[in-house]
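The letters A, B and C name the chains in turn, as written, and every chain counts its residues from 1.
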Amino acid sequence: MSLSYIIESIISGLLLGGIYALLSVGFGLTWGTMKVLNISHAVFAVLGAFLAYWFFVKAGIDPILSLPFLVVLLFLAGAVVYRLVIRSVTKAKDVIMASMVATFGVAIVIENVMSFFWRPDPRILKPPYTASSIFVGEMAISKGPLIGFCMAILAIALLYWFLHHTYTGKGVQATWQNPMGAALVGINPEHVSLITFGLSIASAGAAGVAMALIYAFYPSLQSVWTMFVFMVTIVGGVGSVIGTALAGLLIGFIIGVCAAFLPFVWVNVLLFALLLIILLFRPQGLFGS
Amino acid sequence: MEYETTRNEQETMKGKGENHRVKKLILFLLVLMGLFAFPVIKPPLFFLTLFFSVFMYIGLTESWNLLGGYTGYISLGHIAFFSTGAYTTAVFMNRLGVSPFATAILGGLFASVLAAFVGYPVLRLKGAYFTISSMLLSVVMQLIFMNWEFVGSSTGLWYKLLPVRIEVNRVIFYEVMLSLATVITLLVRWVERSKFGAGLIAIREDEDVAKTMGINTPWLKMRAFILGAFLAGVVGGVYGYYMSYVHPEVTFNINTSLLIMLMAFFGGCRTWTGPLLGAAVLSLANQLIVTFIGAEISRILYGLLLVIVIIFMPDGVIQYVRGMFTRQRIGAQL
Amino acid sequence: MLEGIGVSRRFGGLKALTNFDFLVEKGQIVGLIGPNGSGKTTLFNVITGFYPADSGKVLYRGKEITRRKPYEIAKLGIARTFQIVRPLLGLSVLDNVTTAVLYGRENIGSMAKGRGRALEVLKFVRLDAKKDVPAQSLVAAERKRLELARALAIKPEFLLLDETFSGLNDTEIADAVRLIFKIRDELGITIFLIEHVMKAVMGTCEKIFVLQYGVKLAEGKPEEVSKNPAVIEAYLGKKKHA
């Protein structure tokens, strides 16, 4: 096994990790600000993947072009789910549990709606440029993952910029850190929650599009992606965008290293074990507070 | 505020209570006998299949509720134990041709061992983290089984049906699953009324306070987890035989997790009657919808129902409909 | 009976308890007072095993209990109440106490026997009339009695009371003081209590420890401690000299 093979594997892992990071950032956002454990987060990623797929296959629109539109669409979807489900759930005695169970229901509904209309067969998003690779020395880096990774980094950067450099974004952060204080200075918590949730779902959708460029997807894949969302969030801590991004890259790195030596399935088992260990000894995550 | 009842009144109240209980017992026995005797009238096979499914879900939901409703630890990993049982019987039948039903118990034992291993770290986690970890258990096991040669990986395992006519086959499984459901329900009811149950309920109400009462919380949780796993494993073992085919996407299906949880919440997860009613009503409806309309539609409806139940009726639909506050009674007289 | 030697506990940068020594002898009623945030409840949490001590040890009847789990400490005979009462809301009053009786030091197996004993405990705290009432519908003073009943139900020899008297009116305070003595005299239980209500402390305790910022400020008989200038300053602030 050559060194370049291992490095190739690691790079693939890192690219994937970046996308997992984007997938998880929104999840941490809702958990941190609203104490909502949105188990339906990943299903919207699958939805995003499907929508990008249909735009490409039926209308010939490249996913890079359709992405902004899809992001808006999914933001609206998030807003709808917020109004219908999330808002009521935040009033429960045990918000975390109630939101988890309720969003579990939402996830199953959306998964099966997709399955019903679009059938459970795997699809893959393959615009022509994903067929080739760029070469660094002896190593080949497939263009699909690379573009997906770039999308992810861009989206994370945008999210970060939004949270730290816009008025609304700062309002979100304020509510995160001190809900009562934020409300007292005139920040409307409902407003903030709606935007937060919408952004969260939108980012999930974007991540789904990025993922679709790499792997085949189908409705029931959402539960596997949910697993990765948990992993990244718990490793990175529910605290920050940067923490989640780093956690995603770390997990990607681990996946890359393991995939070079182990069958893929055992990589997942390893990650599960790692997650359990972290949960037991440092539930606030490696980077969280 | 003292209240006093005369000696006489107390006697009559006690007498009435006894009478009431005897009536309920007789009713219960009659229904049970009716169910056991049902196949005698040679009903269409469809009904036997339908009821098999109902009994199975009753067994699964009641066993889930030991940890879920009584202890307050919502597990989405119950199907992992169910599947362990199913795969145990499948492998034994497929590879060794061992006689049926005995291996179902073995399946339950394997499931218990799994529960013991997994429970040790996982039960230390609280609330949401526990649930997430339990879900991870199911997902990871599914992935492993999909890629594991020995259990047939993604093709699944086929094995021989019992060497009898299909009608007799269906009747045998009907009776077996009915017995299993009855035993499990009675067992869960017994736990609820026992000291063990009182301890679990205390943990649900306030785990820290439970500790100060001298309750060994890790050990009690582990017992509930292992017992629930064992029962689910046995149910899975019987199911495995019935289907004569196991596949990871079928046995580890996340939708089953949803259904089990929904049935418990729907019927009311605080007492033994809740899962029974919830499972009976919802699995019946589920089977009918799946058969006549489609699996996805059924799941969509159930997902919606779960959302509605959680938002509007946290104590369970049955209780909501009765309009009465469910006050838990340890060692309850039902 | 209960002794702490150099008990320390910190939370991150905050030193909740520093080198606290204390001794409560069998049959005593001892008080622990101090301004808010001085570490009193933290001490109780360390004693009952909810937090580990960072350094130092806690000894019960001469044996070290510092690293023990809460349920083990309960089984050894130390019971506690919580500052903000925590009844098991979903259960009736009787069931609350019965569960404690079953799992307490008597380790009873039979539900009926457990209920019988629970009823005795309820009679002792005069809550037996409400035995079938859901714990949720009790008023504050009754909830405190329930909390107490639950602690007594495990048949302890040592009782930690955390601010039992808060929020009670004068009559209720007098009743509670009587009950405390009853617990000590009739049940032979040693009592260590955290209190803010000075009337109650003066009326019950034969010895008081004073904590401030996690450090022992004073120790002694109530009359002595109440005259201690450092203690007065801790509560009322520095006296301004004109």
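Here is the rule we go by: contacts are C-beta pairs under 8 Å (C-beta built on N, C-alpha and C of every residue); 3 or more make two chains touch, one makes a residue touch a chain.
Bear in mind that the values here come from a model prediction, so they are computed numbers and not experimental data.
Considering the contact criterion stated above, no chain is in touch with chain B and with chain C alike. Taking the mean of all protein C-alpha atoms as the reference point, the chain centroid lying nearest to it belongs to B.
Distance between Cα centroids is largest for the pairing of chain C with A.
One finds 42 Å separating the Cα centroids of chain B and chain C.
With each centre defined as the average position of its C-alpha atoms, the distance from chain A to chain B rounds to 33 Å. Mean C-alpha position of chain A lies 48 Å from that of chain C.
Residue ranges of chain C in contact with chain B, taken from their complex: 48, 50, 69-71, 74-75, 79-80, 82, 86, 88-92, 95, 98-100, 102-105, 108-109, 111, 114-115, 129-130, 134, 150-151, 153-154.
Every residue of chain B that touches chain C in the complex is listed here, in rising order: 1-3, 193-195, 198-199, 201-202, 204-206, 208-217, 270, 325, 327-331.
Across the complex, chain A meets chain B through its residues 37, 85, 88-89, 92, 94, 96-98, 100-102, 104-109, 111-113, 115-116, 220, 223-224, 226-227, 230, 234, 263-265, 268-269, 272, 275-276, 279-280, 283.
Chain contact summary for the complex, chain B toward chain A: residues 74, 76, 121-122, 124-125, 127-129, 131-133, 135-136, 139-140, 143-144, 146-147, 249, 254-255, 258, 261-262, 265, 294, 296-297, 299-300, 302-307, 310-311, 314.
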